[in-house]
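Chain nomenclature is as follows: A, B, C and D, assigned in order of appearance, with residue numbering initiated at 1 for each chain independently.
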Amino acid sequence: MNGPFIIFALLNVGFVLLISPLFMSLIKKVKARAQGRCGPGLFQTYYTIAKLLRKETVYSSASSWVMRVTPYVCLSMAVVAALFVPLLYVPEPVAGIGNVILFLYLLGIARFFMALSGLDAGSAFGGIGSSREMSLAAVIEPTSIVVLAALAVVARSLNFLEIARDSAGMLFPVSATMILIGVSLFIILIVETGRIPVDNPETHLELTMVHEAMVLEQSGRNLAMIEYAGAIKQTLLIAILVLVLMPFGLVTELSVAGVLFAMALFVVKGSVISVIIGLFESSMAKMRLFSLPNLFIIAFFFSVLTIFIEVFA
Amino acid sequence: MTDVSFVDGLVRFIFVAVLITAAFLLSTRSLPSLLRTYQLQSLLLAMLAVVFSFVEGSAVLLWIAILTVVSKVLVIPYFIGEIQERISIRRDLEFHYLAPASSILVSIALIIGVYLSLGNILSSAYAKVEPIFFIGAVIGISLMLMGMLVIFSRTKAITKVLGFLSMENGVLLFGICVTELPFIIEVMIMIDLIILILLTTILTVGIDSTIEAYNEKVRQYSLWTVREEDAP
Amino acid sequence: MILSAYPLIVVAAIIGFVLIPSRRILHLLAAVESAAFLVVTGVLILTVPLPATDLGPWNGIFFADHFGVFLAVVSGVVFFFASLYAGGYTERLMETGELNPNRLRLFYSGLALLQLFVTLAFFADNLGLFWILAELTTVFSALLVAILAARENIDAALKYIFIASVAMLFSFAGVIFVFEAARITLGEGTLTWTVLVQHASSFPPTLLFAAFVFLFIGFAAKSGVVPFHTWLPDAHSKAPSAVSAILSGALLNVGIYGIIRAYSLVHQTPFAEKASLILFVSGFLSVGVASLAMLYQTNLKKLIAFSSIENMGLILLGIGVGSPVALFWVVIHMLAHSLTKAALFLSAGVLHRQYRSHEPGADDQIVDVFDLQPTAAWGVIVGTLAIVGMPPFPIFYTKFFLLTQVATVSPWLLAATLVLIMIAVAGMARFLIREFSARSEANVQQPHRYIVPLGMRLSFVLLIVIVTVQGLWFPVQEIAVISQIVAELGFGGV
Amino acid sequence: MIGVILYLLFAGLFALLLGTVLPLLIRREDKPVRTVSLIATALGSAFLAVAALPVLFSATTVSATLWHLLPGIDFTVVLDRLSSLFLLILGVVGLADAIYSFGYVEHGGHPMRRNLLVSLMNLFLLSMGMVVLAGNMVQFLVFWEMMAVSSLFLVLYDFESEGIGRAGLFYAVMTQLSTVFLFIGFILLYGETGTFALVPASPLASPGALAAFLCLFLGFSVKAGVIPFHKWLPYAHPASPSNISALMSGVMLKVAVYGLVRAVLDIFALDFTSGAVILLFGITSAILGIIYAYKETDIKGLLAYSSIENIGIIFSGIGLAVIFSDLGMPELSTLSLLAALFHSFNHALFKSLLFMTAGSVVAATHTRNMEEMGGLVHRMPFTAGLFCTGAIAIAAFPPLNGFVGELMLFESLFFGLQVVDPLTKVLLIFALSLFALTGALAAACFVKAFGITFLAHPRSDRAVHAEEACRSMLIGPAILAFLCIATGIGSFQIFSALGYDLPLPDMLVVGMLIVVTLGAVVLVVRATASRETRVTETWGCGLLSQNGRMEYTGTGYSEPVVTIFSSIYRTEKKIDRTWLDPDRAIVAGTRAGISLIKFFEEYLYLPVARGTLAVSSLVQIFHAGTLDTYILYIFVSIVILVLGVGWFI
């Protein structure tokens, strides 16, 4: 645990915490515009979280400690995961932090507890949500892992920090095959954040709900934490995409100007991807649950292809 | 002391006659005549023993002949005849697996097979093996196999016993042809008698009757019962 | 000289059986008589240096070598425990009216004679004498099977005696062949083992091989080897359990003893391989047929009987290999099988007494076995484990090492045998699990508990203890004796 | 040092022996007998574990002769690094299980039978220990069989209940199948090496050695429950008492793994193909195991299938080790092998933990059906917590030990992808994606296991009246739960201490980070958010009250996955409609049913069983003849013999 790393930790986590709700709102805005609506303001998510934090928390009488613990776990896992993806400054990796698989599994813990809390209240909605969420997560998992494997093969490292250090300063992706990986990563992003065509974050219709059904029983500060955790997760996934496709702007040497520049640059890059997500969502209809595996297969196919191309090229 | 060719002819005649009696056992339906056939077969064996005893001057063979006559020609047939009387079965009409005609064909094939097989076995040591041993082995083993044919192709228990006895005659014939084997054969005959008695009692009275009747019959023969008053 | 003690004991015992009025003393006498046999054998071991051909006036007719004495001890133990067991068992038979009390004396006399003939058979130096004694064992054991006078018993005894004697007649032809073979080489025919073994290598091989084949037919029938085994399941399962134990534990050894002796002759000729082939085929068939038959078995004693066939098959495979190590383990297997199988039959007998089905031909209905007969149930379970070759019982080792030897002949034979043994285990497990877990129906009254007399219980428990100890401990002396046996048979040193 | 280790080993084995013999000799029905015996179990296991530790860390070899059986064949203890790991597994799980059993064995069953349970448990542990310590084939097989027998009796403990007999028979046959393969394998090996000692087979590539290896592999696979030889596992594990299920799954399967690893490392020099075979068997088991586990509603059945999955993962690790060493990548080979071994250790810990806690639940509710549980988190809070720890560990979430094992495997696969050989690459990608699927399904599966069993309203009266397990039944699993966390967090340090420098994240740091973050989050939320809370009924769309019948069921939970993988499950959907009118316009009623075809049972096990039974019935006919028939057989045989002898002489 050396000095630069502690600075990195504080900087990265602070920046992620700060900026995450912004992208959430941005996507909503883009979608609203695409539908011809005005849409909420860019700071709406901040307001919502603040509002929820002030509200009283309602627990089901059937629920147990699982319900009470889950929000904390979700948020802290998201925060810890934020250490794994550099947004601004890349230090030397320490103690294996930045490991891609560990990152994936940290997000997994959050999902695990969330699914449990969905079952905890004894509501049928929660059950349906947990069941679907876990099933979808299971089906997408091979894709995610193979994408990461492709990434690791291309970048010759298993650590986001190392990958970032290698590519930092480059204008374009390290290799053209990164674009293929980007496509797969984008699909994973859509799935992991529960967006159309996989899930619709705006609906509360029991036939289509996945994620929302699972957190239906959450309220007040707990809901706030879960929402916040969701926003952080989304930002982190966007950051990975940025890392792969647009690596320029990351600094490897610590300087105030460099970091400020990187911040501004990341906001821009993140916004670009958020806009793409918003437009993508607007142009799609939600798919049937059981036709989703086909979508995942596409991503899987891309990643496998990447590995082969990279090796034989 | 007698003409060699005459003895040789006599021996051959006996062998053939023995085989004919065996074939008879395979096909005859009437029980009394089966019994008589067996008597005849045993008598032929006794004759064979006598012939050999004269040729070789061996007294033991003579003893065997006497023992054979006493046991196989007189005692056993008498005993079986008695049982036949009691269970009043006169005929054995059914056949298992083989009809009489085909069983005779089978036995001819058997004799040829055994002949070839033993010929093959003994050919390497042929110079040292006496021809009489070879013929004795062929006829003896064929007779045993024909006895087995009788056992499994005839249904009545008495006939089976006769088949077994005929097999026994096969061994005896084989034994007689090996001239130096007397002591064992004597004892063997004694054992066979014991087996036979046991066999026939169990067989003839046991198999076709109920247990009560069986016990009754056993008591009648007073074979196993020691003291009647012990019964509860 | 000492051998004459055996017939003397038997004569004295039979006089006692006929004269003594008290049944209690009768039972005791039977046990004492069989114990006396063991004592005599013990004295023989201590006083006569083995191998001994000059046993007094019995020279050339009787002899004592390690193998014979060893098997005499084994069968003596089996007979002793069976006699100990027979007291309680026959009482129960008479109680239920299955055994006519008049025949008790006949039963014990038959038993004594059977023991005499079995024991003497192992001491016979003369092949013909051995044949006769073997025939006599058939007669008396058939008598003991038929003594219950039930229809099935008569049927079983009939099959037994017919099949065994028919096959034994062929053995006699084999004896004649041996005689002729000896006559050709030595100028004078002889049937004395000791002489035969010495000169077997110079006998005409084809004649000796033919002799082996014929001898094998009869002894195979005596030891219940496929395809001459068909009498065995019936006879062993229908006989009174004390007799079943003897049939399986002592009598099968007579046949195997004959086969080993015959094989040790042909082993010295170039035809050893062909003889082995015959042994392999019939041994493998025995294992296979028995195992497959066990799979469907619904009758405990029949199941155990089939297991004997399986074990005989295994022994034949071992003999067929013909190496000293294989023979070494064959001998131990004979010992282990005898004791285990006796224990198994004796404990199964208790269950049979408890649950005997009174409908002819029906199998016993075993219910609540751990409530009613826990000791016997555990006896059967442990016995089964021992017989299928689970450690720490000796058959595990014999099985393993025999199979190790079989593998030197053909790995496929090894694999096939093992699969068949597995089927046998499955059959036994299937039977035990199904029958022993049965509970009596709630509205049906539980059968009365049959109080097992101490002698009966003691006999199978002690046998199991002996078997277990054997599995855990192979004394140096035992190993030396068995190595000596193998050497004396002419197979070379282990 | 070596002397101390030996003394500990002897003391441990002797204690277990004592624990076996004591309840058999003292025929008393009261509790002290069992208590003494279980203390012996606990002490014995602890001694063994303590003896194993120094050997594991110092990599020495300790050996001694116990019992001189036959000339040239001794019973020995040979404790080297590999066996010490498995001895450690045995010791740790045995200790925890013994403590658990103090409470558990007093549930149900006749006192004498409980004595037997305790005794056989000791024997089971003893024989497993001796297998691991075996220095030659004979000893290995002896104790292997004793292990099989004692476990068979333990499976049959509750033999009067329905289905137990079937389970026992299944187990008996399969365990014999395993022994058959081992017998063939070892005997062939003996033919190759000419000694019963476990020494390298030479020449290495001979067909005999290959056959020996294949047989040994199959034997260990059957015992480990690798698909398609797995079918006994979901029968035997639920049937046996839970403390025994824990041992069977936690230790016995590992003994099979030990055998395989020993064969792979010390005896055979394997090539790529063998490695690929092991890997393929492993992957198949892993994925199919978890897919089958997913649909189970029997809680112990679910755990049993999950064991198949984990064994699959372990086998894959071994297979990868062989592949990498053949490809000349010793570091990756070590990494994969360590992954397999570490996962063996981990699986022993958490699967025993799960079986024990599941056993507490079953003992409290008297049912194994998860659909009749629910709400137990309120009634059995500690048990729930322990089960949850186990679930997190087995679902491989950091920083618990399950994660580290899987991470190592993933890493070796990731790095392995650098190889150029296309076939290898395809294999590795295939393995990688299936592992990912397996891991994620495992997580989903244990959400179901924990959620349906412990959370929400009770689903039946049985669950309503459940009570918390007694103290010993909590302490036992708690030890394991603690170890799951400790070995997970300390994994990096443990491997360093063992002398391996692996590219692993330092879980201690990660764990600390998690704790710190959690603390910070709690503090911040406490400081900023409203603390008002209200407890009220679950919102049910306006229903007046909600009960257990309205909850999401376990079957419902697994439905999406069952549908997605319907081709693997071989589900059959059947819809029957009846109509009121002849024109079929008004539906009177509909019945819909989904049935799962038990694929392996239907297409593999039953045909074999039927075939054998058919042959058996043929043989039966052979024996159902009369005297005539029998004499005919003999006649034919004799004729064949007599003529054959003449012909072939």
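Rule of thumb we're sticking to: a residue touches a chain if its C-beta (ideal position, glycine included) is under 8 Å from a C-beta of that chain, and two chains touch if they have at least 3 such contacts.
Keep in mind that this is a model prediction, so the values were computed, not measured.
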Note to self: If I rank B-D and B-C by number of C-beta contact pairs, which comes first?
What the structure shows: B-C
Notebook entry, point to check: Which chain has its C-alpha centre closest to the mean of all protein C-alpha atoms shown?
Noted result: D
Next item on the list: If we define chain centres by averaging CA atoms, which chain lands farthest from chain C? Would you check?
Entry: A
Next item on the list: Determine the centre-to-centre distance between chain B and chain D, using the mean Cα coordinates as centres, and give it in whole Å.
Entry: 68
Next item on the list: Could you grab the centroid distance between chain A and chain C? Build each centroid from C-alpha atoms only and quote it in angstrom.
Entry: 78
Next item on the list: Report, in whole Å, the distance between the mean C-alpha point of chain B and the mean C-alpha point of chain C.
Entry: 30
Checklist line | Gap in Å, rounded to a whole number, between the CA centres of chain D and chain C | finding: 43
Item checked: Per-residue overlap in chain D, given as positions that touch at least 2 other chains -> 627, 631, 634, 638, 642, 645, 649
Next item on the list: Hunt down the residues of chain B that sit against at least two other chains at once, touch-wise.
Entry: 118, 121, 141, 148, 151, 160
Item checked: Touching two or more other chains - residues of chain A -> none
Margin query: Dump the list of chain pairs that touch, please.
Written below: A-D, B-C, B-D, C-D
Note to self: Which residues of chain B touch chain C once you look at their complex with the stated criterion?
What the structure shows: 118, 121-125, 128-129, 133, 137, 140-141, 144, 148, 151, 160, 164, 167-168, 170-171, 174-175, 178, 180-181, 183-184, 187-188, 191, 194-195, 198-199, 202-203, 206-207, 210-211, 214-215, 218, 224-228, 230-232
Note to self: Taking the touch rule as given, give the residues of chain C at its contact with chain D in the complex, in rising order.
What the structure shows: 158-159, 162-163, 166-167, 170, 206, 209-210, 213, 217, 221, 227-228, 230-231, 233, 271, 274, 278, 289, 292-293, 295-296, 385, 390-392, 396-397, 400, 403-404, 407-408, 411, 414-415, 418-419, 421-423, 425-426, 429-430, 433-434, 436-437, 439, 474, 479
Item checked: Complex contacts: residues of chain D adjacent to chain A -> 374-375, 377-378, 381, 384, 388, 392, 395-398, 403, 407, 410-411, 413-415, 417-418, 420, 422, 425, 429, 432-437, 439-441, 443-444, 446-448, 450-452, 454-457, 492, 503-506, 508-510, 513-514, 517-518, 520-522, 525, 528-530, 532-540, 546, 548, 550-553, 556-561, 563-564
Note to self: Looking at the complex, which residues from chain B come into contact with chain D?
What the structure shows: 96-97, 110, 113-114, 116-121, 141, 145, 148-149, 151-153, 155, 160
Checklist line | Footprint of chain B on chain C - complex, ascending | finding: 18, 100-103, 105-106, 128-129, 131-132, 135-136, 138-139, 142-143, 146, 149-151, 154-155, 157-158, 161-162, 165-166, 169-170, 172-173, 175-177, 179-180, 183-184, 188-189, 191, 204-207, 209-210
